[in-house]
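The chains carry the letters A, B, C and D, assigned in the order they are written, with residues numbered from 1 in each.
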Amino acid sequence: MKIGFIGLGIMGRRMAANLQRSGHDLIIHNRTKVKADALVAQGATWADNPAEVASQVGLLVTMLANPEAVFEVALGDHGFLDQLRTGSLWMDCSTVNSSFSRQMADEAAGRGIRFVDAPVSGTAGPAEQAQLIFLVGGEEGDVEACQPLFEAMGRQTIHVGGHGMGSALKMVNNLLLGTAMATFAEGVALGHSLGIPFQLLMDVLPGSPVVAPFVTGKQPKIEAGQYEPDFPLKWMRKDLQLAAITAYEANVPLPTVNAAKELFALAAADGFGEQDFSSICQYLVDKTGPSADSG
Amino acid sequence: MKIGFIGLGIMGRRMAANLQRSGHDLIIHNRTKVKADALVAQGATWADNPAEVASQVGLLVTMLANPEAVFEVALGDHGFLDQLRTGSLWMDCSTVNSSFSRQMADEAAGRGIRFVDAPVSGTAGPAEQAQLIFLVGGEEGDVEACQPLFEAMGRQTIHVGGHGMGSALKMVNNLLLGTAMATFAEGVALGHSLGIPFQLLMDVLPGSPVVAPFVTGKQPKIEAGQYEPDFPLKWMRKDLQLAAITAYEANVPLPTVNAAKELFALAAADGFGEQDFSSICQYLVDKTGPSADSG
Amino acid sequence: MKIGFIGLGIMGRRMAANLQRSGHDLIIHNRTKVKADALVAQGATWADNPAEVASQVGLLVTMLANPEAVFEVALGDHGFLDQLRTGSLWMDCSTVNSSFSRQMADEAAGRGIRFVDAPVSGTAGPAEQAQLIFLVGGEEGDVEACQPLFEAMGRQTIHVGGHGMGSALKMVNNLLLGTAMATFAEGVALGHSLGIPFQLLMDVLPGSPVVAPFVTGKQPKIEAGQYEPDFPLKWMRKDLQLAAITAYEANVPLPTVNAAKELFALAAADGFGEQDFSSICQYLVDKTGPSADSG
Amino acid sequence: MKIGFIGLGIMGRRMAANLQRSGHDLIIHNRTKVKADALVAQGATWADNPAEVASQVGLLVTMLANPEAVFEVALGDHGFLDQLRTGSLWMDCSTVNSSFSRQMADEAAGRGIRFVDAPVSGTAGPAEQAQLIFLVGGEEGDVEACQPLFEAMGRQTIHVGGHGMGSALKMVNNLLLGTAMATFAEGVALGHSLGIPFQLLMDVLPGSPVVAPFVTGKQPKIEAGQYEPDFPLKWMRKDLQLAAITAYEANVPLPTVNAAKELFALAAADGFGEQDFSSICQYLVDKTGPSADSG
């Protein structure tokens, strides 16, 4: 079966490559064409716009930066939603708020299109190694239909519930991710400032019971002080903003998450936006440093 | 060698029992005598006040609730510091800020007493099973002298640096502990409110890359909604307050930690102070609940 | 000249009544018709939907709860924007973020309609007494054309700049309003808890150099502990959320404002959403109370 | 009557000068002697240490930077408390937490000394012009005995309650002061970033109902971008820290105040600590600036 894939950023092109490797024929599109080159060289077919992708496939995957980008590609000029055949399936892997996923499910349903929200847990490394975790919302049958794709791109599928529930769990996942990193940075800055050697903090904290395990994967960046982005800090700020909007809609207070969100905003304002979000450590350590009277 | 042990709360009496099991003779004291009964039954000697403990031992361990309690026991009426023989060693396992530890080290040094700050990572379970991690500050030789005790009560010793550095790392450990729990609660409340079943959140989040591993140990309490305290919420609030004071002294901004601190304050004001600090989940979930329009 | 007025809530119907008093013929519409009765009794003409208002007027005022409501009335089913004559003027007094105002200005311009964003500073009392302050964005000539209406409904007009600049200043105004009230509540709760008599706090704080003057107007509610809404707490939460979204778009960190936003969220979750936003005092004072050992 | 005065900083020497002007003979001391020169030239008598002040007076005023400084001067080497005659009166105008004031009252009472806590509202200008507001805690008779001094240095006396209640109200005053300034800075940064001219914000916001009146006094500094300190930012951070500690002791959650506290901490870490606390505006405006797409 031919599969459409729109959105070939850091995550998307790695995911698409895994679909290709597992034998799927891809029709692909991306805003900037150059990112499609490697996939085309491996046999994927380029399409000039989202609508052109839609006309050739029965299952279409999107992996885009935010709700606005998804809306544009689906429903804007040359959007794909009006071009998909009745009964086709749209799997949206983008990180969006759950109310937006439900809105897209409704737009799809109005055109006889099936919809699954399937955002992922994991960044560039797991995407490359087909080790993503899919957080899925949608009808049982539609989720089953996507299962071969999930297996080609990931290691686990969590079917959370109906439309929007995958995005809901993704919001939760992201707020945990972002605040865990912000908190780790605060802890490291405090420890360093109290006179604990930086390397000792790196040896002791990641992997300990009080630090989220993903931090271990960020450790080489933090130790080297080199933050080429697997996941840029400005995107983490965006994801926490999405979580805050979702919480607002759901009437859930998130005081700690909002504080972390604003810490990332401060770091972005100081020029850390394009670096990996783990650079929040550098941001805080830079401005504190060991205090004169530390032991 | 006879060892003094002052402070027989949830942690202290488990730690003292492990010292006893490994063959040490204990002279013990506690504000409320009844908590000493089991240890006395196993052969420990009761002393009526801290000074009386000091006169019988060359190594004295304290495990108390806060800096004020340590100060009182060491330097208040019938305090032990003036009664210890020159060359004796005081190991303080209490959770205090590092400037306080350095102040105690100075008070001790002025009397010819050696000092090691050795707060622990781990709560009642690890204390019982001699699985604590000791975070240690002090002179190399003094730390070595304590090593048999660390091994009797724990599974790992991290010698962080000079006086106060054990307490410094403990501050870091605690702020990570407290904010990880607060953030977990916010994530669970949001997910639940968006319509994700509570049990699914419990099945999926603890143990995932974005959740600190210690949370898995709290899962049974959270699932059962029964929060008998291993570590009361009011103590977590205290520990975050200590971290905030330490950060103030060291000129380190901790916006996320302070937000978590105030969330615990709100929960304490709503009556959760005596329950385990993991009840912060219940506090937030209670006041939100699934929204009417969840999927 | 006939003037259209859509949105007859707490604010809108008072503003419309002042237009009527100053001699303007009104064509009015509201989602729930009953709120139009008093105005109709005074001579206003009811229209069944926004489009029907538009077909009868050259100047149309909207005063609605949020961007979504404005969008619906302007561009939804029976929206007014396609029905206004070329050269007509739309004055939007709703509280919306400035990017939304600019979007509406563009939608209007695309149809040959002029647009002014003119949100107000002031609540029910000033609305009733024609003492509002208009914060205005738009072309010079368009703002001048609105001047007679501003004078009929308010006491001051601040022309801030081009499209969206009125809404921009309104965002600033609202974040100051909300955080000032939240902070006042925290101050009162602390003072009360330290043993300062509640009435003394009320006598001393409002009107002092450190308290925003509008608080004096809220004092009777706070003293009486009766919070019938001039401006419901849930709307303040909404306005702070709008400010947070605007700040996100503009890359401005707002840590204090976000903390206040979440405090209102907590109060709303405890059932204060429908009461006046000054009830945030009650929320905090209730859960603290004078401490046992206060002087 | 001879009056002792210890602490001749920005505030203290202006207050002492007003006592002198109203005819009081002063015995004065300060850590750095040079700050006493002008007062000595006007007839005050220098004393080499606090104890020497105490031996010559029946009423002693202290105006020091923090609780630690007060403790040292009262009870440290050459402290004054053991040298005051029985029945003497100590008026402490320093900003300290109320539990500390009560502790000092107890220390004084134990020596037969009367105690009044009398911190002030107002900075350098009002101190110079004898326009301070005294927030007073203590016994009725003792407060009356201080009244001539209050009148020589201020324009209003608020007798709040027993020992520590003056300090309690001062904590409330300071948290309102600090968060009002932090919030104003956030509002100005947002408005500026949205494209509102900086001068327009200065013309419109100070003096408006949503801005605390004291901000108007800071306006010249903010407009000029010159922040020589009337009240250094690091002291504001200290005062918010004191308020946070007080709130912790009283079990009062202060989420907004703590967020403002950390914003000042961030500004201090970026080098604003020695400037006036109104420079928090500059700190935020510097790092944001008008966004490219503002209207």
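FYI, a contact is a pair of C-beta atoms (placed from the backbone, for glycine too) under 8 Å apart; a residue touches a chain by one contact, two chains touch by 3 or more.
Just so it is clear, the structure is predicted and the values come from calculations on it, not from any experiment.
Peer 1: Touching chain A and chain D alike: which chains?
Peer 2: Correct list: B, C.
Peer 1: Based on mean C-alpha positions, I'd like to know which chain lies farthest from chain A.
Peer 2: Using the mean of the C-alpha atoms as each chain's centre, the farthest one from chain A is D.
Peer 1: Taking all residue numbers used at the chain B/chain C interface, answer same if over half belong to both copies and different if under half do.
Peer 2: Same-residue interface.
Peer 1: So which has more C-beta pairs touching, A-B or B-D?
Peer 2: Counting C-beta pairs in contact, A-B comes out ahead.
Peer 1: Round to the nearest whole Å and give the separation of the Cα centres of chain A and chain B.
Peer 2: 37
Peer 1: Indicate the whole-number Å distance between the mean C-alpha point of chain B and the mean C-alpha point of chain C.
Peer 2: 49
Peer 1: Could you pull out the residues of chain B that touch at least 2 other chains?
Peer 2: 247, 251-255, 258-259, 262-263, 266, 269, 287-288
Peer 1: Can you name the residues of chain C that touch chain D in the complex?
Peer 2: Those residues of chain C that touch chain D are 98, 102, 121, 137, 158, 160-165, 168-169, 171-173, 175-177, 179-180, 182-184, 186-191, 193-197, 200-201, 204-205, 208-214, 243, 246-247, 249-260, 262-263, 284, 287-288, 291, 294-295.
Peer 1: Looking at the complex, which residues from chain A come into contact with chain C?
Peer 2: Against chain C, the touching part of chain A is residues 237, 241, 244-245, 247-248, 251-255, 258-259, 261-263, 265-266, 268-269.
Peer 1: Going by the contact rule at the top, pick out the chain A residues touching chain D in the complex.
Peer 2: For chain A paired with chain D, touching residues are 255, 259, 266, 269-270, 287-288.
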